[in-house]
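These notes open a run of structures that come right after.
Both of the next two complexes hold subunit A, though its partner changes from subunit B to subunit C.
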Partner chain A sequence: MRYIAFAWAEWRTRLAYRAGTPLAVLASVFTVYAMQAIWKALYHSPEMVRVGGVTASGAVSYMVLTRLFVLIMDDTWTLRLMMGDIRRGDVVTKLARPVDLQGLLFAHTAGRHLHTFLFQLLPTLAVSLLFVRVGAPREPLRFLVSLTAGYVLSFGIQFCVGALTFFWTQVGSFATLIRVLGTLASGAFVPLWVLPRGVATVLSLLPFAGMYSTPLDIYIGQVHGPAALWGVALQVGWAAVLWSGGRVLYQLGRQRAAYAGG
Partner chain B sequence: MSGVRLWSVFWMLVRYNVRSSLMYRGNFVMQQVLTLVAQFGQLYLIAAVLAQFHLIGGWTFGDLAFLIGLRLLAHGIYVFFCWMAITFVDSDLTSGAFIRHQVRPIPTLVLFLCQATNLSGVTIFGSGIVMVILATATGAVHWTLARVGLLVPVVAAGVIIEMSVFLAVACTAFWTGNSSPLFGVVYETLGEQFLLYPLNIYNLTVQLLLTVVPLGFISFYPAYSFLSLPAEPWSHWGLYSPLVAIAAFTLVWWLWRTSSGSYQGTGS
Partner chain C sequence: MRSLSKSYVQVQGGAFWRRKRKHVPALDEVSLQIPRGQMLAYLGRNGAGKSTTIKLLTGILRPTSGSVSVLGLEPYRQRLQLLRRVGVLFGQRSQLWWDLPLQDSFAAVRRIYDVSEARYRENLAEFTQVLGLSELLPVPVRQLSLGQRMRGELVAALLFDPEVVFLDEPTIGLDVGAKEQIRKFLQRIRAERRLTMVLTTHDLGDIEALCDRVVVLDAGRIVYDASFDRMMTDHGFIRTMTVSYEHVPTVRAAAVQAAGWDLVGNEANRIVLRYDGRRTTVPQVLAVVGEFGPIADLEVAVPRVEDVLRALYLGGVEPGRGSEGGS
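Take a look at the complex of A and B:
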């Protein structure tokens, strides 16, 4: 219940800063437009009916949804908050509260993203549907489970890197690293099914694929049945590893911070 | 202040900024490596896409490598000199820090742009050179003396156009206090997404938008002067890039003087 209150508080904070929302929606609509134009141009040739087993409409749906989910998955707010708070020492006010830091930050992040979902993602989707067709999900339930696992996984990656600030104050490079991998190795920039088989296989085993590639491949029906189950299991496994890893790093870092005087 | 004196102050400030950037060497090296990984990772993915689809809007992989290379050459110089300052504008204005530029006997624009440099610009510029070499190796570009001579003014024009466009966006912060949402539209979508691919794959509205907001003159239009692409009505527009750059900078200079002149600090 306390965590819901934290999420609600963050939601209300975000509501106070609405001025930039229309321009943010405009930016997202432009991006969606660019994506569908690029992928329609790629499939323009008559012999390009299917690539990697995916039709033009499937590819456009995949890329359009990617640009929408980027609004949430690519938001490094949690990481930036942790880096700033730990470096400045402001984290002590959070550590002093009788709640778990990981749960607290997850609640804040979820509250922030609920605002993004309602006021940026949904309006962008509504406007985008005027010029692009997005197919319905092939397996809605599995897609939702996969998307949720991807969200927890994305938070887990950021929390792990953020917790490293307890050990090194200059973790900007790690932040850039996860940003680069989160874009290039996740299927957000180019779907993994376009890549050579060996490269795609390696990338699909990394946690970054769980953020976009796995849920969206399930959405467009590129993977289904046992392959979809395996993909979701891998996501859940990575989410558990990252959540636990983040907790261990945080506990060790907290001891270190206390040893240094807080 | 004379032009020569201004120029020496400019370079002195740049040198100080470079030295301060090199203080955290480990972080600096890591950032440069990651910039390279990001640039070439992106190019690899585009190559993988074109290995499947062969063409996009009639452009081959070599053509695209040149398009991206041309953009990175200009973008690298822009990032080195201007990127940090332009992204600081909101905090400079809301914190009142901008007022320090107004009490010094040097044009505010020069001081504003010289407050920080980003060494990643050098790596981006280097990536641009490698991509132009790659495009040449694929046979997309055949260098002649005239083309070599054209490259320098085209890249210089690209830098000035990029700086002018983003400085114009930064100027909105003087009136609204927050330029970041508009910056998101212009940089992340128009600059990053659209310019990565040839503009002829987009509809007429977007083509017009990127011609009026002259980002198309950074790489797309000039690329026709270097590549062996089918003739289009806009094939020679790239030759006018330097003129477009002068017009854009004149406009933004006036806009900057008008906007910054009205700034009165935070009162604290």
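Take a look at the complex of A and C:
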């Protein structure tokens, strides 16, 4: 209940700024349109008929959904909030509440993303379906589990990097580096199955792959059966590691924290 | 608090891989006991360690050494348990939701502290009525003036019936009217609920209106601890007498000096004297200054609270003076 209050407050905050939502949807629709056009064009070239065993429609579905997931998974709001709050000392207002900071921020983020999902992602998908076909998920339940694990994992990465601000106030450049690496290694920029097999295998073992590649590969049926189970297990494992790692960093950071100036 | 210390690591230049680090003490062996129901003014210059103490008492910071207990709990280790029973207000940082109407922030506080609907409504009605916030409940926090926002912060800090409240500069930057409203509210709440309050402030009106006890901190150490009345008795004894004469007086500085008084002003037909009110009475002074010429008017000023505190901050007081507080 305590944590739901933070999700609720963030949800209400986002509702206060609903005037900007239609423009955000429009921007997302443009991005989806451009992405599907690029991938359709790529699949029209004779060299790229079935890259990695994926058909043109599978590839287009993957990239369209990637653009939609980016709205949530690539939202660095939590990270920016943590970096700013810890550096300025404003985090004391959160630490003065009878709640755990990690849970508080997760609830905050979830409240924000519920709004994004309902008022930005779903409308973008609805409009996009007018000009592009996205197939149904091959294994809906496994996809949902994978997506949830990917979401927790994405939060875990942001929390870990954000908690580093307790030790190093200029963590911004490192955060940018992680974000760029994450974009390349997660399958958000290009699917991992278009990369050389060795590179794809290595990248698929990193936590970033759990954000886009694993759930979307399950969605389009590129990965199924035991391979899908292994992918989800890896995601859950990384989510647990990152959540615990973030917790350790936060506890160590709290011990050495100094908040001057009131 | 028993021998409570907190030091910070300050990085002072040097190469990236070989930073020069210095341990800066923010709080140094502070011992203090605050009985239930007391309203304590915790004073000191900027950087004296006041806010650091509040953060240690609320478990936000970890002590470097010493021990601290609030309501029988160890703040740093039992932060979540403790904060369900403790209200905090940071005057320089907002705990309300900036973009939400005031009423939504209060509703969130109700959920966070699990306040029953009936109790919430009762408290909200009383607090908003006393603080004049009823009309402002639907207004987003970002549209409130500083005084309105601070009143909102106060409601949020008290809405869940805390047993102890830490108020870190609650009247900072407010106009006279807003300060007065907040003081009256705190007086009322305290009388009704027998709350224990610790107030850090630079505002002397706050201390005079609200506090039973004054603790002065300087460079991380307690330099004074006594009741407000005791402080004024102990350090409010200097009197300043301004004597105006009908014409230019014949001032005998030696007589003034012999009496142990200070002649701090002597211009045209007016002199200003400073003397110890415990040892000297007004008639005694008049007996001397009356010989300088015919007196037209005179005024005796007692020190203001700020004069006393200025003397305390500037080190004119030995540590341990005054003992009513129980430190």
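Keep in mind that, in the parts below, the second predicted complex is superposed on the first by the 252 of 262 C-alpha atoms of A that agree within 3 Å, B and C clash if a C-alpha of one lies under 4 Å from a C-alpha of the other, contacts with A are read in each partner's own complex, and residues count from 1 in each chain.
Criterion: a contact is a pair of C-beta atoms (placed from the backbone, for glycine too) under 8 Å apart; a residue touches a chain by one contact, two chains touch by 3 or more.
In this text the structure is predicted, and so the values were computed from the model without any measurement.
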Exercise. So, A:Pro98: does it touch subunit B (first), subunit C (second), both, or neither?
Worked result: second
Exercise. Counting only touches as set out at the top, which of subunit B and subunit C does A:Val202 meet: first, second, both, neither?
Worked result: neither
Exercise. Which of the two partners, first being subunit B and second being subunit C, lies in contact with A:Ala16: first, second, both, or neither?
Worked result: second
Exercise. Touching A:Arg254, do we find subunit B (first), subunit C (second), both, or neither?
Worked result: second
Exercise. Counting only touches as set out at the top, which of subunit B and subunit C does A:Trp8 meet: first, second, both, neither?
Worked result: second
Problem set entry | Contacts of A:Tyr33 with subunit B and subunit C, given as first, second, both or neither | first
For this session: State whether A:Ala227 touches subunit B only (first), subunit C only (second), both chains, or neither.
Result: neither
Exercise. Can you list the residues of subunit A that meet both subunit B and subunit C?
Worked result: none
Exercise. Across the complex, what residues on subunit B touch subunit A?
Worked result: 24, 26-27, 30-31, 34, 37-38, 41-42, 45-46, 48-49, 52-57, 178, 180-182, 184-185, 188-190, 193-194, 197, 201-203, 206
Problem set entry | Touch list for subunit C against partner subunit A, complex | 8-9, 26, 51, 55, 58-62, 79-84, 88, 90-95, 97-100, 104-105, 108-114, 140, 168-169
Problem set entry | Complex contacts: residues of subunit A adjacent to subunit B | 19-21, 23-24, 26-27, 30-31, 33-35, 37-38, 40-45, 48, 51-52, 170, 172-173, 176-177, 180, 183-184, 189-190, 194-196, 199
Problem set entry | Complex contacts: residues of subunit A adjacent to subunit C | 1-2, 4-6, 8-9, 12-13, 16-17, 89-90, 92-93, 95-100, 254-262
